[in-house]
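Two complexes follow with chain A in common, the first pairing it with chain B and the second with chain C.
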Partner chain A sequence: MTDLAVPLRAKDTEPRSRDQVVLAGLLSLPTLFLIVLCLIPLFLLVQLSFAHREDGGLWRAGLELTQYRQLLNPQFLKVALFSFTLALTTAVISVALAFPVAYFISRMKRRAQITWLVGLLSTLSLSEVLIVFSFQVLLSGGGGLVKALVALGIMDSVHSLYPNFAAVMVCLVYLVLPYIILFLYPAMSQLDDDIPAAATTMGASPARAFLTVVAPMVKGPLLSAGLLVVIFTVGSYLTPLVLGRPQQWTVGILISNGAMTTGNLPLAAAQAVALVALMVGLLGLVRLLTRAGSPAS
Partner chain B sequence: MDADQDGRRPGLLNRRGLLMGAAGLSLAACSPKASGGGADTLKVSSYGGNFEEAMSKYVYPVFEKASGIKVESIPQPAGLQFLLQLIEANKAGIAPMDLCISTAVDINRGRNANLWRIRDPKPLTNLGNLPAQYVSTGPKGIDGVGALGWFLALVVNPDQIKTAPTSWTTLWDPAYRDAWGLAGAGTSPIFDIAAATYFGGGEILNTEAGILQVIAKLAELKPNTKLWWDSEGTMQTALENGEVKGGVYFADVAATLKASGTPLSIIFPKEGAVIDFGCWCQPMASTKVAQADAFINFMCTPEAQQLIARKVNAPPLIKRELMDLTDAEFNKVSSDIPPITINTKARAEHLDFMATNFTKMISS
Partner chain C sequence: MNEGLVSTILRRGFLALVALFIAAPLVVVIGVSFNEGRRMSFPPSELSLKWYKAFFTDAGWMKSLETSLSISALAAVIAVIVALPIAYAVWRYNSKAAKALAGVGSGLFLLPGVVTALMFSAFWGMAGHVGRIENVILSHSVILLGIPVAMLSVGFQSIEKALIEAAHTMGAGDAEAFRMVVRPAMTPYILCALVYVFVLSLNEYLIAYMVAGFSVQTLPIRVFTSLRSGYEPTMCVGAVIFILLGFAAFSLLAAVGDLPKLMGRHRPLEA
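Then we have the complex of A and B:
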């Protein structure tokens, strides 16, 4: 390959550098956007987290660790742990559900595939607020679901199915599921049916072929999908607020309460910075583990 | 006070209200000297929705006719976002409005940021009509004058609770497990309700030890509380669906819900309903002092306050004997039972302590 590439590169030197200029030009705008709209606000957030809080008032500029010290209280750690548990549980459930769905869609006829994908895409146009409040109505005692379950004898009496952890979980899974199916679909489409078939020909049972041949092939996409769900849901706010009890409050709700109700923006900023740091830490950990797991990649 | 459909309410988060307000303020900030207009116009913002509409339709025209000053009414979102943007605009010398409405907690926050203009009481000849508690006075002087009030009352669904309760103690009654929707933010008036019902008044909230005592009492509400609501829309849905049997809610919004068919009894308990209020405040960057004085002075007249009671459905703030409201008109928006007032001193000094410990209590 290198033997072929060398003469090619030598020949294309001029157009290549012109390409690079064009590329740099094209990339400069997004880079500028990233700096202005992402890095500067992040810097301001970090700066705010060191500001001095004035009780009952707002805050004034400062450089102190008061807010970070407050993060060490068991209350915040408990809520942070809960947020991650919620996000990880949502990830496991939604990936477990999305994996077979994406697999089956990818094996359908083209027309059916398109119908499914368009259907999934169209659910993304619903606002989160609308979905969460619809779940509130659906799970309420007067909602059709409860009445149906009572009529079928599955529920003993009419009572609402929220607020609780399960309601939060179900709604979060509903919210992320279309993203994850669409995310897994390309990987599933590329899966070559001949490979598990070959494994079976070589004497492996279908289950063994699936576990030792198919699963390792899609391990990467599944893991990425799971991480995507964690990133999506770790900062969830509206779903636990509306469908959960205060015991199911997440860091997102604490941040909102601190920022919007008590006006303690330095504390809210510190909590947000901590959440970002935990998230980056988690991503780093996953990267380390996957590297250790597959040294070849 | 109403603003029910839009769900905007001071101190309570409402995403839509915040977004609209943010958009409004940014637009206002883009146009230099937004408070411009002629010398005889006054830009007045008040909580958006029915309230702002009723004020501009029924109350402002009377003032315009009497004073010759034209009022330009703009809707104002509730919440901290509004205040933060106003502070920034004011720092830049821009006044998006000449007068806005602000609650005690936000007046205090604005005061620390040097946001409010201090009023000379001399031109405010009608100030005496207001009880002193509705005039906001800081170390430098008067920076807010009572505009209107709103009540938080006890509401119950008469289909689910046959005998209407008469006391806040019902909230603590073990007979009502998982029944209530209560205001759940860390600064909630539920503190003042518990203090007035069990501790002889709001003074107990002046010390941290007292606050912890009140929180311990509030912890007894946990088994009875199904919903700790933050935005009034959440409580509205819960009341409409029969998800909660009752709780603490805005009396005026409850009245609107009742009128549209939700089964509700609105009760002013014997300990009093909680009254909260907003004040007219002028940002420093607005220079129309005389016009603002004329407006505020008019708003303190019995004529204006009667209009607020009759047309805006909000409780008047001036002394009842000054007005010619019939008993029916008065009782529709208020009550003779002395209200529970919100301890704003406690919020100014111990807000973070109250919020942190309250959140800890309800989420454990």
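Then we have the complex of A and C:
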């Protein structure tokens, strides 16, 4: 990225201050935009979490820990633990599926690759609302899948396949799968074919070569992909709300209910801050563990 | 040799299953949308375009579609206008400030949807500017900013260094080099970034709902609210339109830009 900037800068050493002026001009609008629409809202969210709650969905600015203390009740902790378990399970399943898919796609001919990419991007961009709705249709008694399962004798009677944990899980995997395949795609297309090929000529089966030679080469991207899934699903809201039972409710549902129905904005804000803090903590932990594990440092 | 055949069959079978999984809910919704009856049934018992007619003659659905399309178009334009100087400053000046801005943009994209939705609803509430369409447009453009920044950066990096040097040796100034080399090279990337932000904004519902959901009804919000009250066959038509819009947008993207490269492939591909 810098290879271009260096020769250009070397050429004009004296109008260095002119560069600064141009740069300031270029970046003034984006800076203003991000301060107003990102930093101020973030600050307000944190401030809100320390605010004092008043009746009727109102609150006034303050610096109290009431809301944070409420987070320690077992009910919230249970929901938070469930959210993270759900996110981690989704991560493991979706990465295990996406890894071979991304590898195979990166080895296809150009046309086939583009077809897969267009298909993946189209489903990736599809609203969670529409996907959850589609799953509702697919899993309902009249949705075809149930009829097929009954006809095959796998199910005894016609009844819908949701709400339950499995429906939530499958839909979440569906939602993140295109993201993860596309996330792993660059790393897979950069992989050298010579090493797995060498392993197969030395007698390893293709599946074995894939698992013992290819997988370790992309350990880093696989781990990042898993983290990305956790980040995406830990705050999931609509899928557990529609396809799950109240036992499968997540922090995301608590936060939006708090904000939209019960009108306790300070508590919702505290829950949101806690969720982000837990996520950042998890990221830090993984980074620490991987750094300790790698021989380089 | 035989083992090679087995692994080919296994690979094809696996990919076919994944493709089936990805296609299944979409196929079912498309099928149900052509169903004659009011009750949900797949495969459709009798084919009919009745619900399409109902969708396109319903003022409420059409208004939602129009609202969705205008929000996304404006959000895409704003996001790209803000992203361009950031990506350019990172590439041309290797500016630390621009890198920090890019980092803030992509960090925001990684926050859970509920958190950003709550953040923006608090922000617009305190600004005393509630339930307006601009709230959704601006919130979408800032939340999706990381995408155009990343895509435009790929574009800038792909510009041949030699071409700019050639332009300079031929006596072109910075402005001319920009016009002759940078602008034409960047056009497809700008287009791709616009399409991408447009499609993602079109499908976003949680922020839109929490920021202005009661007064600004985008199509996903309408589906979302009827999702909780009960099934309506016109919802399927709305879903089909969005499936087709996304598919059309990304096919266009594949036709205009080098999709494998845009998705991060650096090695050239044989046709």
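Quick notes on this structure:
Going forward, the second predicted complex is superposed on the first by the 240 of 297 C-alpha atoms of A that agree within 3 Å, B and C clash if a C-alpha of one lies under 4 Å from a C-alpha of the other, contacts with A are read in each partner's own complex, and residues count from 1 in each chain.
Simple rule for what comes next: contacts are C-beta pairs under 8 Å (C-beta built on N, C-alpha and C of every residue); 3 or more make two chains touch, one makes a residue touch a chain.
Bear in mind that the values here come from a model prediction, so they are computed numbers and not experimental data.
Contacts of A:Pro163 after superposition on the shared chain: chain B is touched, whereas chain C is not.
Applying the stated contact rule after C-alpha superposition, one finds that A:Phe133 touches each of chain B and chain C.
Of the two partner chains placed by superposition, only chain B is touched by A:Arg53; chain C is not. In the superposed model, A:Leu29 lies in contact with chain C only, and not with chain B. Of the two partner chains placed by the overlay, only chain C lies in contact with A:Ser205; chain B stays clear of it.
In the superposed model, A:Ala259 lies in contact with both chain B and chain C. Look at A:Val242: by the touch rule set out above, it reaches both chain B and chain C.
In the overlay built on the shared chain, the residue A:Gly142 is in contact with chain B and with chain C. Number of chain A residues touched is higher for C, counting chain B against chain C. Common to the chain B and chain C contact sets on chain A are residues 129, 133, 136-137, 140, 142-143, 242, 256, 259-260. Listed in rising order, the residues of chain A touching chain C in the complex are 1-5, 7-9, 11, 19, 22-23, 26-27, 29-31, 33-34, 37-42, 44-45, 48, 97, 100-101, 104, 106, 109-111, 113-114, 117-123, 125-138, 140, 142-145, 147, 174, 177-178, 182, 185-186, 189-190, 205-207, 231-232, 234-235, 237-238, 242, 251-252, 255-256, 259-260, 265, 268-269, 272, 275-276, 279.
In the complex of the two chains, the chain B residues touching chain A come out as 11-13, 15, 79-81, 84, 87, 105, 108-109, 111-113, 184-187, 226-228, 230, 234, 237, 241-243, 347-353, 355-356, 359-360, 362-364. In the complex of the two chains, the chain C residues touching chain A come out as 3-4, 7, 10-11, 14-15, 18-19, 21-22, 24-26, 28-29, 31-32, 39-43, 81-83, 85-86, 88-95, 97-98, 101, 104-105, 108, 110-115, 117-123, 126, 138-139, 142, 145, 153, 157, 159, 161, 164-165, 168, 196, 199-200, 202-206, 210, 220, 223-224, 227-228, 235-236, 238-239, 242-243, 246-247, 249-251, 253-254, 259-260, 263-267, 269-271.
Touching chain B in their complex are the following residues of chain A: 53-58, 75, 79, 129, 133, 136-137, 140-143, 160, 163, 241-242, 245-247, 249, 254, 256-264, 267.
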